[in-house]
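Think of it as A, B, C and D in the order they're written, each chain with its own count starting at 1.
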Amino acid sequence: MTALAAYTTSTGEAFQFWVLGTVAVIGALCTILMKKAVHSALCLAGTMIILAVFYLANGAYFLGIVQIVVYTGAIMMLFLFVVMLVGVTAADSLKETIKGQRWLAAACGLGFAILLFAGIGNASLKDFNGLAKANEGGNVEGLASLIFTKYVFAFEITGALLITATVGAMVLTHRERTERAKTQRERAEERVREGKHLPPLPAPGVYARHNAVDIAGLLPDGTPSELTVNKTLRERGQIRDVSSEALDDLRALEQRSTDRLERPDLRRTDTGRNGDGDRAEETEEASK
Amino acid sequence: MNPVNYLYLAALLFAIGATGVLIRRNAIVVFMCIELMLNACNLAFVAFSRLHGNLDGQIIAFFTMVVAAAEVVVGLAIIVSLFRSRHSASVDDASLMKL
Amino acid sequence: MNTENLIALLVAAPLLGAAVLLCGGRRLDRVGHWLGTLLAAVSFVIGLVLFTDMLGKGTEERSLHQHLFSWIPVEGFQADVAFQLDQLSMTFVLLISGVGTLIHLYSIGYMEHDERRRRFFGYLNLFLAAMLLLVLADNYLLLYVGWEGVGLASYLLIGFWQHKPSAATAAKKAFLVNRVGDMGLSIAIMLMFTTFGTFAFKPVLEATAETSEGKLTAIGLMLLLAACGKSAQVPLQSWLGDAMEGPTPVSALIHAATMVTAGVYLIVRSGAIFNGAPDAQLAVTVVGAVTLLFGAIVGCAKDDIKKALAGSTMSQIGYMILAAGLGPIGYVFAIMHLVTHGFFKAGLFLGAGSVMHGMNDEVDMRKYGGLRKYMPVTFVTFGLGYLAIIGFPGLSGFFSKDKIIEAAFAKGGTEGWILGSVALLGAAITAYYMTRVMLLTFFGEKRWEPDAQGNAPHPHESPKSMTIPMILLAVGSVFAGGFFSIGDRFMHWLEPVTHHDHGDSPLSAATVTGATMVVLVIGVSLAWAQYGRRPVPSVAPRGSLVTRAARRDLLQDDFNHVVLVRGGEHLTRSLVYVDHTLVDGVVNGTAASVGGLSGRLRKLQNGYARSYAVSMFGGAAVLIVATLLMRAV
Amino acid sequence: MSFPLLTATAALPAVGAIATAAVPAARRTAAKWLALFFSLATLVLAVVVLVRFDPDGDRYQLTESRAWISDFGVRYELGVDGIGVALIALTALLIPFIILAGWHDADPLETKSSRWRPTQGFFALILAVEAMVIISFEATDVFLFYIFFEAMLIPMYFLIGGFGDRAHAGSDEKASAQRSYAAVKFLLYNLVGGLIMLAAVIGLYVVAGNFSLQEIAEARANGSLDMATNTERLLFLGFFFAFAVKAPLWPLHTWLPNAMGEATAPVAVLITAVVDKVGTFAMLRFCLQLFPEASKWATPVILVLALISIIYGALLAVGQRDIKRLVAYASISHFGFIILGIFAMTSQGQSGATLYMVNHGLSTAALMLVAGFLISRRGSRLIADYGGVQKVAPVLAGTFLVGGLATLSLPGLAPFVSEFLVLVGAFARYPAVGIIATLGIVLAALYTLVLYQRTMTGPVKPEVSAMPDLRVRELVVVAPLIALLIGLGVYPKPLSELVNPAVKHTMSDVQKKDPKPEVEAAK
């Protein structure tokens, strides 16, 4: 690229900008509109990658890479971890609680955008010098020379900042154990004293078709037992109730036996088969 | 195309991020929006460095990233401990300032 | 030796007494009364010394002057504590300290059984000091000090028996009414200050010549107001009757002999001002004439012996004021009557006190009767006083009062005739009511009966300490008049102060005297006809409308009560309400509205971080806009 | 430079306040004695000031001047003229009496915890007020004055709200409610005044460029600093409003009765006899000196307000049922006289007003403190609850009467001199005003004597029959006050000679001449 007075980019870059830019904006919008935190995080990651590309396009090769590695690679992953910790499905209802907050926010955002646009428009930024000269010795070298000469102090300070942040994070997340941990014996005695469920909890339901920890085992009367499912799943409400299937299978069994003993009863089989099929699809759904 | 469009894009993203901060109640999402705003700024810086033809803008962007990283670490830690204490990641639940 | 320096002692002696007695505490209770009397006597002796010294001098240099210290030195405003002792002051000094001493003496016996006797003498001394200050001051402001001082003393003494609500009320009333008069005096002083730039007697009285009559009239009227207050002249007379709540010696000293005559002193002292202001003089004479009749009528109707005498005092002072209003013709007679009146009225009051002393403090004359055999001395002295006041030929009253009546006629013109005849009428009524008092008290058969506790009064003569002053005063009231008027001694004595001139009387002195005699006889015989011949009912008959009005001081009090007291109460109560609701209400209202407003604003602070964020963000936006606009401009 | 006497005078009580506050809870009596000691030491210093001050010398003496906030030309400038000296002396004189009179007012009630240490606080606050009052009498820098003029409110607020009169009609809750109401009212009134004044102070700085009273006054005098008429008037009003609130002028007076009614008697004296004087003092020193033209412009209105204060206050005093409120309204009437004297713009009036400040301090102190002793004995503030006290406690009654007579300005007692001077001064320029004001003396007699009659005379009420007479401590408080009242009434010369030169200066500030007497004029 050569530095001209009135500077324009190559058509390729323009094309790339318009396409990716659109995607980036959409990603950003999704970030703020998605119901579930996970989805927001994913959209944001996408946007960031696109930004990385733009960095590269702007001749900030080092930053572009850092953007991908640090941001998208590390920070966003950190986000995902936290989301997991806090709960993937702890989706906050988008219903606004504070009166007029949403409209105010929207208005502010819009107004601010307009403002910035106006500002940028006012500032006549026609002539771009381009980075050709700056990047002669290679972008990374250029940055390095700057960082270690001109910005060395800032650099050192950021280092200190990072350390402090790390320590701070540890302090914040570390939970002080106040009392001695209970031994197994003590626990057992406690359970007995409180008359809790003494034997190990029943296993989750296991079937030929699918065995999964999220399926409640059935009690003799065919109703599912919550106990059999792991606590976390229970809290997230991710238990799949398959008791109906079991009953249908039972009916199907009787059906077959009647088939073998007597002449077939079309209607019932049909219904049975149809129901069977429906239920199959249903299960497909749930297993996703 | 004039690279100034990068600036417009940055502005747009920034505004979106800001709006998100204001609308969302889930602390994590709010945080993401903040990250978004930071990135928008970075983009602007990069564009500026291209405008001026020197690397200082990129340096600033670099530092921004570092700071953002530190900030995310601490911020997420805060969110986690908040969640522990309140079993919720909603910023509205932490409204002790209310009279 | 230099006699000026003694003047201060005149005031200092009783003042010292007051200080010692009032601050001394109980340990002085046993000697207190003697100490008080002694100091009063001391100032009387000093007075005599000064008097003889003065007689020794020529007429011109008789006026002494003593400058003590500069009192209030302020830019353009010089008030000094300085005394001036001329013939007029001298007369008063002797009267005050003389009668005062006698009454101190009398009180020793009269207050014997009162455990607060020491304080009583303290107050008496305080009064003497203030009164002497009043007559010795060489400027109006210092006179004002004495003026209020006597007011204070009379307040304390009237209310001496404070446990009696009536006494306390009377005292308060006296002080308040006097205060109204004092207002007049202080305004007069201000007027003098603005007119003459000073208020010392000498320069003021000399500067009257080149002053506008309007100013003089204003000053004169204000002085008259003051005089009305102090001397119980209409319309400010209402306090005198109630003042009789005080111990009798007080009534004798303050409310008969001395203090109430201060008004006369003021007017005579300010003669030059009045001479320059005929309208003011006319007002003075009118006030005097009206009071003269008013007091006399009231005196006729009262059954309370002291109140009757109070009415008489009022009317006698009316005479003096009338005389003083006549200008140079009358000043000297006003003073002369003042002195003689001092003697016989004090004597009468002491007599009344002695009677009450013997009658368990019974004051209703209808409960007396035939006391002449029980208390001869009192009877004789009282009788002499009586003859003197009605103007029995040869006694003091005869000379002084006749002179006033003559002078009234001598005023000339219709005024002269009216005033003169009013004075004559007054003389008649005086004769009537005094005879009534005399008869009811000492003649007829005894009318007293046991009171509720069943202990009947057994009248007895009073102790020596009481009778001696009465005798002395009686002597005075017999001979003073004659002594003064033979060869016009008194006139010449006061000449340099009052600049006497004989008006041209349309009637000869003899005619006036004759007329006086006639009305005197009429008055006496009327009284005799009414109270001498028939027995007197021991409860007052309902009486005619006039009588009943007169018993109520001609409804003056009722008027005051309805108009001033009630009105004032309503005014204050409504003002209190206004202050609480309106003035305060506005403020509280503002406070309340502000509170409400902030309560509403408070809702904005909902504590949600996000809404704060919105405001931050909006604020940032606004700032940017501002900067951009600044740039644009 | 020489020893900073004025600073010392103001600083000593401040030190005393800190020391007193630091006394541990148990050593209550020690705190009292400490406070008394410091107040007396301050009195000694004040006397030194009085002696060192030469009435015929410069206008401001014992001056001190140090840079303080140089960016805004704020300087730490002290200096006293005759008026200031007189008032400093008054303050320093009254505080020991106030402390003595309030000796037991702040003893903690048994119900409170031992860590509760009201006594120390009470006396420390009183000393703090003294320090601030003294320095505001000394300050010749407008900003400096303003700071302490406002800071005064803080300790006063706590004194009123924290240490109420224990003789209260209602229940404790009611009492504390009324007390805090009074305190808040006091604070708000004066804060509003102060804020408006702050605006004026800033305005003055904008106009004049510095805060130094002397420089500005000089510049005004020699014409090098001329304000636009409206500017001057606005600034004047800003200052005057604050002072009119402080020295309650009708209709800004309603805080005073509440404050004085709810506070303990000594604090009430502190309010009316010491703190309020700053207001009238400041009118003389700042309003007239800085804004002579505007002062003259505003005079008619102010005179009318003063007249209303005189009559209105007296009438309301007559209508009161509560002894302390009665005294409060009487004070309002007296402040009317003071302001009347100041704005009559005559030598007599202003000398009278200055003397009046001192004398009113003494007379109100005497009356109010004795009333306080009376109230503390019977435990009620209502006049109707008393009667016949004179018989059981003659000395108390006697002192009460003297205080009352001083209040009605009986000749021979100090207030008469000042009141008469004010009247003459007012009359000389505005006869009608003088005459109306004279009505005040009648009304004064009315409310004083009615009060005395209802409480002291008449048959002895059973509740008061066992009332003890004045104790030694109380006599020590009252006797000197009465002695001073009489002394200054008979021989006010020293005081008047102290203030006359200052008054002359003020008169020349406003460029007014006393009206000539008619006779001389004729010649």
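Following the convention adopted for this analysis, contacts are C-beta pairs under 8 Å (C-beta built on N, C-alpha and C of every residue); 3 or more make two chains touch, one makes a residue touch a chain.
Protein identities per chain, from UniProt: B = NADH-quinone oxidoreductase subunit K.
Predicted model only: the values in this text are computed from it and were never measured.
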Most remote chain, CA-based centroid, reference being chain A: C
Selected interface, B-C versus C-D, where C-beta contact pairs are more numerous: C-D
Rounded Å distance, chain C centre to chain D centre (Cα mean): 36
Between chain C and chain B, distance of the C-alpha-averaged centres to the nearest whole Å: 96
Separation of chain A from chain D, taking each centre as the mean of its C-alpha atoms, in whole Å: 75
Inter-chain centre distance, chain A versus chain C - centres from mean C-alpha coordinates, in Å: 107
Numbers and ranges of chain A residues touching at least 2 other chains: 98, 101, 104-105, 108, 112
Junction residues of chain D - those touching two or more other chains: none
Residue list for chain B, restricted to those that touch at least two other chains: 18, 22-23, 25, 92
Contact pairs between chains, per stated definition: A-B, A-C, B-C, C-D
Chain B - residues contacting chain A, complex: 1-9, 11-20, 22-26, 28-29, 31-33, 35-36, 39, 42-43, 46-47, 49-56, 58-59, 61-63, 65-74, 76-81, 83-84, 88-90, 92
Sites on chain C touched by chain D in the complex: 22, 69-77, 81, 141, 144-145, 147-149, 152, 155, 159, 162-163, 165, 167-169, 171-172, 175-176, 179-180, 182-183, 186-187, 189-191, 193-198, 207, 210-212, 215, 568, 571-573, 575-576, 579, 583-584, 587, 591
Residue ranges of chain C touching chain B (in the complex, touch as defined): 602, 605-610, 612-614, 617
Chain C-touching residues of chain D, taken from the complex the two chains share: 185, 188-189, 251, 253-254, 312, 315-316, 318-320, 347-348, 351-352, 388, 390-391, 398, 405, 410-412, 416-417, 420-421, 423-424, 427-428, 431, 434-435, 438-439, 441-442, 445-446, 449-450, 453, 456-460, 490-493, 496-497, 500, 503-504, 507, 514-520, 522-523
Complex contact set, residues of chain A against chain C: 98, 101, 104-105, 108, 111-112, 115, 118-119, 122
